[in-house]
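Chain IDs A, B, C, D, E and F follow the sequence of writing; residue 1 opens each chain.
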Amino acid sequence: MRKFFGFSVLTAVTASVTIALTKSASAAVDPETAFIFNTLSFLMHGFLVMWMAAGFCMLEAGLVRTKNTTMQCAKNITLYSVAGLLYWLVGYNLMYMDVSGFMGSFAIWSGADDVITADGFTGDGTGYAASSDWFFQMVFVAATASIVSGTVAERVKVFPFLIFTVLLTGIIYPIQGSWTWGGGWLSEMGFSDFAGSTIVHSVGGWAALAGAIIIGARTGKFGSDGSVHPMPGSNLPLATLGTFILWLGWFGFNGGSQLAMGSAADVRDIATIYVNTNMAAAAGVVAAVILNQIIYKKLDLTMALNGALGGLVSITAEPLAPGIGTAVLIGAIGGILVVVTVPLLDKLKIDDVVGAIPVHLVCGIWGTIAVVLSNDGASFTTQIIGIVAIGAFVVITSAIVWGVLKLTIGLRASEEEEFLGLDRSECGLEAYPEFGGGSGRV
Amino acid sequence: MRKFFGFSVLTAVTASVTIALTKSASAAVDPETAFIFNTLSFLMHGFLVMWMAAGFCMLEAGLVRTKNTTMQCAKNITLYSVAGLLYWLVGYNLMYMDVSGFMGSFAIWSGADDVITADGFTGDGTGYAASSDWFFQMVFVAATASIVSGTVAERVKVFPFLIFTVLLTGIIYPIQGSWTWGGGWLSEMGFSDFAGSTIVHSVGGWAALAGAIIIGARTGKFGSDGSVHPMPGSNLPLATLGTFILWLGWFGFNGGSQLAMGSAADVRDIATIYVNTNMAAAAGVVAAVILNQIIYKKLDLTMALNGALGGLVSITAEPLAPGIGTAVLIGAIGGILVVVTVPLLDKLKIDDVVGAIPVHLVCGIWGTIAVVLSNDGASFTTQIIGIVAIGAFVVITSAIVWGVLKLTIGLRASEEEEFLGLDRSECGLEAYPEFGGGSGRV
Amino acid sequence: MRKFFGFSVLTAVTASVTIALTKSASAAVDPETAFIFNTLSFLMHGFLVMWMAAGFCMLEAGLVRTKNTTMQCAKNITLYSVAGLLYWLVGYNLMYMDVSGFMGSFAIWSGADDVITADGFTGDGTGYAASSDWFFQMVFVAATASIVSGTVAERVKVFPFLIFTVLLTGIIYPIQGSWTWGGGWLSEMGFSDFAGSTIVHSVGGWAALAGAIIIGARTGKFGSDGSVHPMPGSNLPLATLGTFILWLGWFGFNGGSQLAMGSAADVRDIATIYVNTNMAAAAGVVAAVILNQIIYKKLDLTMALNGALGGLVSITAEPLAPGIGTAVLIGAIGGILVVVTVPLLDKLKIDDVVGAIPVHLVCGIWGTIAVVLSNDGASFTTQIIGIVAIGAFVVITSAIVWGVLKLTIGLRASEEEEFLGLDRSECGLEAYPEFGGGSGRV
Amino acid sequence: MKLIMAIVKPFKLDEVRESLTALGIQGLTVSEVKGFGRQKGQTEIYRGAEYAVNFLPKVKVEVAVPDDLAEQVVEAIQKAANTGRIGDGKVFVLDVSQAVRIRTGETGNDAL
Amino acid sequence: MKLIMAIVKPFKLDEVRESLTALGIQGLTVSEVKGFGRQKGQTEIYRGAEYAVNFLPKVKVEVAVPDDLAEQVVEAIQKAANTGRIGDGKVFVLDVSQAVRIRTGETGNDAL
Amino acid sequence: MKLIMAIVKPFKLDEVRESLTALGIQGLTVSEVKGFGRQKGQTEIYRGAEYAVNFLPKVKVEVAVPDDLAEQVVEAIQKAANTGRIGDGKVFVLDVSQAVRIRTGETGNDAL
């Protein structure tokens, strides 16, 4: 299958020598057993990535103010749903079917596994059930969409946002995804992004950045005198839970991106990926905590959480090749980048409610560059070309979509609605009607 | 083993052609390897279903008012515990051991695996560890009990509720379960319910309905003039988390119900089930959101959450056979049914705190009927017979239990206790003593 | 590999006859397939245990007061990170590499798998990827550290606490761990602790106990007249969620401690472990609920939650050998011990915020003794020797570390900081700025 | 004008409001308070330790009325909030020397 | 001395505080309240059932001032809190017979 | 009768209550408020951006007493709530023209 070979090429390039050996090594495991293992890997790792949708939702719900919390939850569960539908209707085949170099085909996806016939399993070599692969790819696109929702929270109206999600998950993400993972021009050039520091995370980050600029900051966030008015998150344990969920899900995100588990070498690689992923996150937390303590003399929990995610995003482009020491370094730099860029965005008057741009965009870029630290097959120039090409494509297309939405149906709630909270105007509900200023008790 | 064949028959019927092929195909995987895969499927999918207990708990804790939240948590963790104990003491064998047609045997379950002897593994063909199967079946019965707890929340006293749980999980659920999954009369008739739209979800829904009617509505819910007084849920992000947990757990619920993973065809089927399950839920969300927007001009988050669950319940009776398009349709109708029946129950003055009856009963019925859309082996008439027979049995037995409890130890807290909240009277604790009207701060 | 044999010996002793059979039985599964299964078991069960870090965090965040909630979250995510880094830098090899009897070697861990060469998989017999084992061991040490954080909450300063964590996870835990799991003197003596009732849980409990005594109680907890002033937990659904997470994670904790899944007997044992683990927890809940009702006439949710955990800790030393009835008994006694020892600690003026000492220390001791109920290979005397030796070592070393920290940089926040809450003084953040007394709304 | 300040049991709030509306009162302001009085809080048990809840949840109703309505209003509140059980609360009457409606700037009785 | 008690819309609080600071007021006390008045709460829909929210969130500002400042303060609040739309709130003026600063024991106008 | 309204630091509430109980006071009402005054909130940092917390948490104690007790009560509160540090709060005394005990209908000093 095209898509599988597309992936194989990528993986082979990315993971260099060890992976190549896998292929011969796996001869020992009988093909049907390998098929089961490979499929199981997609399913198990896929459900972990699906769980990240809950992680994004809790993180974001905890970091917005109470008056926009219901809305944030509503947006997140709906965008996950929309992403799945669109990836089925358009996205998957646009990304993987008969990729011409710049995109695949417009066609509804329908999984069929011709290696299983009336005579039983007739495949040879490695393989997996088509649906398991689709499932795993689908949860990735949902992650991209979740990233955007956090940045533009607390002022974007829900339906324009969902329309953006439709286009992001149906068209924008799949097209750029085809360039590398679909076997398109970036893949041929040797661009290496194992699990999506750029292809998933930066893409979400770029789309979010375009949105944040075009939608504008929350009313009152930036004073006319250049002052910044923080709007503290309303439920930090929820944000912490979200981060732990994401951390857990990331084992699926990176581990499953090995795309195979049917040989000793593959499962060994997955184990290595788990360890590196965990250590980069741990290093991200510790670096963020220490740096924050040095600069601000406080342990800002939200920075520690963002530090974990920064470490995770940073290791995602190459979670297999580095030794642990290198993984720790990559993650720690991710954590530092987060602590540094969060206030920088404020200075630029870009209002990113949950810190998604520092985490997913900045660390995504860093992670993609860091591939050259451990992967001999990767070239610095090619990595930069990939980052810039994908960035330009996503920023431009996103900006067009956001812009058209702004000019037509409008993107923002009115100032009064924003003041009262989107929960009231968009959802007609309060998230916590009996707490604090809620209307429920008296 | 009886129970295994009981299941096989069902599965074969349900999944028609493809499954049958599995058997010959699996020859390629050696029996011990297949044994491991099958057992692993029960364990992995079983822990996902176990996790649904947390999902129900969070969903319900988020949808009740603060003054009853502790109680809801206490009820849920205790009912999960009681369900496990009862299913061990009575339930499992009543459902699966020597089923006469209408029920199995009264005996404590004790798992022994005679295929593993001093000479090692001596099994041939497919198989799995008995304990793994028991574990998987046990978490199902707990799900049934969780459904009930949501509907009757905020007024039922905890000990009568737990006594009901004992009888539901030890007697009522297993007896009706034996009719189909135990190989009893409904199974012989060809009734098809792959993962339990009727056998698990409707059963919970019927028991809840009987309870809601016999216990009566919360004081103040319905005005004497026919007016409805909503009592908004106190923590919507928690309810959202619960829904995400349930969605995740459902991959285990439906995927594990394939009952085997030891062949390429089986794992392929599980992959298909994951995709269909996810798409039905996604469609349930989108349909509920759109319909709610059309009718009420608001994105009611609680309807979106119920929509997801409605989609999931609807696809549960047949998550394997449909193509994705059909799965989407089945799920979307589930979402619509929820939006329509939630206010309908209010009109009937049936007070269902969390919407469990629309989700689990109404969509459970719909899903069981929808089997005929994709499963050629299923007959509309037989499906209706199964739905009605099980419904009648559960409503009658539940009503007797609820009724006897009402007349003896009483079911409801006093009006004053209800006003102050069950947390105070039953638990002596506040869920959030420092928020809103809590007593903790001042 | 040394560490593997160290484990094998233990396992063989612990699980007596059945396990021994495994070895011959597994001949049927080809070695590479077994390698994949074994590795997968470590990864899958490892991510479940990793998830317990979130469980501890939510449990503790729910049981402290709002003014210390941010701090509790910050401590938990940071300690998990620190534990991973230290176990890499020091801990693993100190526990498993060339254990002399009393400790291993000081060396950074670096996983290499020599059974996978350029010729593919060259291993024979069972095996697993080194990284998967490391990952599984690492999440255990993190659990130990999490236990401590709950007991000393609401008054300890964060950096002294983190320094303690460094020494606990890098030195104290690994040294005592080497005695049994590393193949040291206790293992040679026949001390049996399958998954760590003593080695993980009591160790955390002893370190917590030393901390609670040296740090002292929260200001105002104990009146000078001997009165006890409860400080109710601020978010009980969060604590409930944490308990459910821990329960789920425990299937990984105990199930993965089988250390192999590559044979029918191994996977059968894992299934048995799941069932016993679940039943002990269920019995812990039910016993705690009933006893609490009898003594106090209320269903104290926090006791039910602690009861679940008490049951889980109790079964951890031997989750495989007991029949279900015995598992239920062991768990129920755990639940009872919790209900009895929680107020006892209050009488001793030991302030344990979340009940970690009753759950992890008391039930850990009970569980380790209870091994003799079902495991013929275990001797009561040896079990006691193990409990006492490890207890003495951990109490003494912990007390030294806590004591030195107290005399140097200080352990406690000032009385005013404690009154205002550590969130303000240490983190500069409020967990819930808009709820109750939060500063956010007005 | 008078400011009538009543401390009542929370579940009596709706009845109080309705009885005032019946008197033609068009506005009032409510807040959540904690009361300490003859009515003692239950003794609660948390994890095996007893403790007394000293402060009980009450609702404070504040309503400004023209002098001539004051007596009726006090009476209406007293009736509506009465359960006959300890802890029913109090009504206090204070003098208001001026009242202004923010929207219009109206003052005195017109502002109420 | 006078105690000025104002019920205003929550989002006007900052403007009120600033206008009082401009008058030299050094202290005030604020609380969250719920108001019932001519301004009606929206009808909300929860799970398909309509319900009226009777009480709207308001903020109560209490500030004690010397007699001679009272008029100015009332005026300042009225201006700052005014949006011209229904529900803007009220200002009430009460007499204070004594004031004490807890820290120093100062009394009267010195205590404010 | 007098209504004594005291704004105090939250952690002084228990001492205030005890000192009033010592004077024979049988009831009082408490609410959470936010205070703005000479005492400035700390500057907090959230995600690298500084911001000032203008309002500090305080507790308002309201207690109605017979005229002859008023002075003692004010003094007791002032002593109990005093820490000598800025932000200790204020006590205001207002006149109460009528008091009613809802449970019994008693009025005047009997109602307190």
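In the analysis below, contacts are C-beta pairs under 8 Å (C-beta built on N, C-alpha and C of every residue); 3 or more make two chains touch, one makes a residue touch a chain.
Chain identities (UniProt): D, E, F = Nitrogen regulatory protein P-II.
Predicted model only: the values in this text are computed from it and were never measured.
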Note the connected groups of chains, using the touch definition above, after excluding chain D. one piece
Pick out the pair in A-F, C-F or A-E whose interface repeats that of C-D, meaning over half of the contact pairs match by residue number. A-F
A-F versus C-F: which has more C-beta pairs touching? A-F
Can you work out the whole-Å distance between the CA centroids of chain B and chain E? 52
Taking each chain's centre as the mean of its CA atoms, how far is chain B from chain D in angstrom? 47
Here the gap between chain D and chain E, centre to centre from mean Cα coordinates and rounded to Å, is 18
Give me the residue numbers in chain F that touch at least two other chains, ranges are fine. 10, 30-32, 34, 44-46, 55, 94-95
Multi-chain contacts in chain C, i.e. residues touching at least two other chains, fall at 30, 33, 44, 232, 235, 241, 296, 298, 300, 302, 428-429, 432, 435-437, 441-442
Along chain E, where are the residues that touch chain F in the complex? 1, 3, 17, 26-31, 64, 94-103, 105, 111-112
Provide the residue numbers of chain C that touch chain D in the complex, in ascending order. 228-230, 232, 295-296, 298, 300, 302-303, 339, 342-343, 346, 355
Sort out for me which residues of chain B touch chain A in the complex. 21, 24-30, 33, 37, 44, 48, 65-66, 232, 234-237, 240-241, 243-245, 247-248, 251, 255, 261-268, 270-272, 274-275, 278-279, 281-283, 285-286, 289, 296, 298-302, 304-305, 308, 323-324, 328, 432, 435-437
Given the complex with chain A, which residues does chain C contribute to the contact? 30-33, 35-36, 39-40, 42-44, 46-47, 50-51, 53-54, 57-58, 61-62, 69-71, 73-74, 76-78, 80-82, 84-85, 88, 109-111, 113, 115-116, 118-121, 123, 129-132, 134-135, 138, 158, 235, 238, 241, 426-436, 438, 440-441
Would you pull the chain F residues touching chain E in the complex into a rising list? 2, 5-8, 31-38, 54-55, 58, 60, 70, 74, 77-78, 81-95
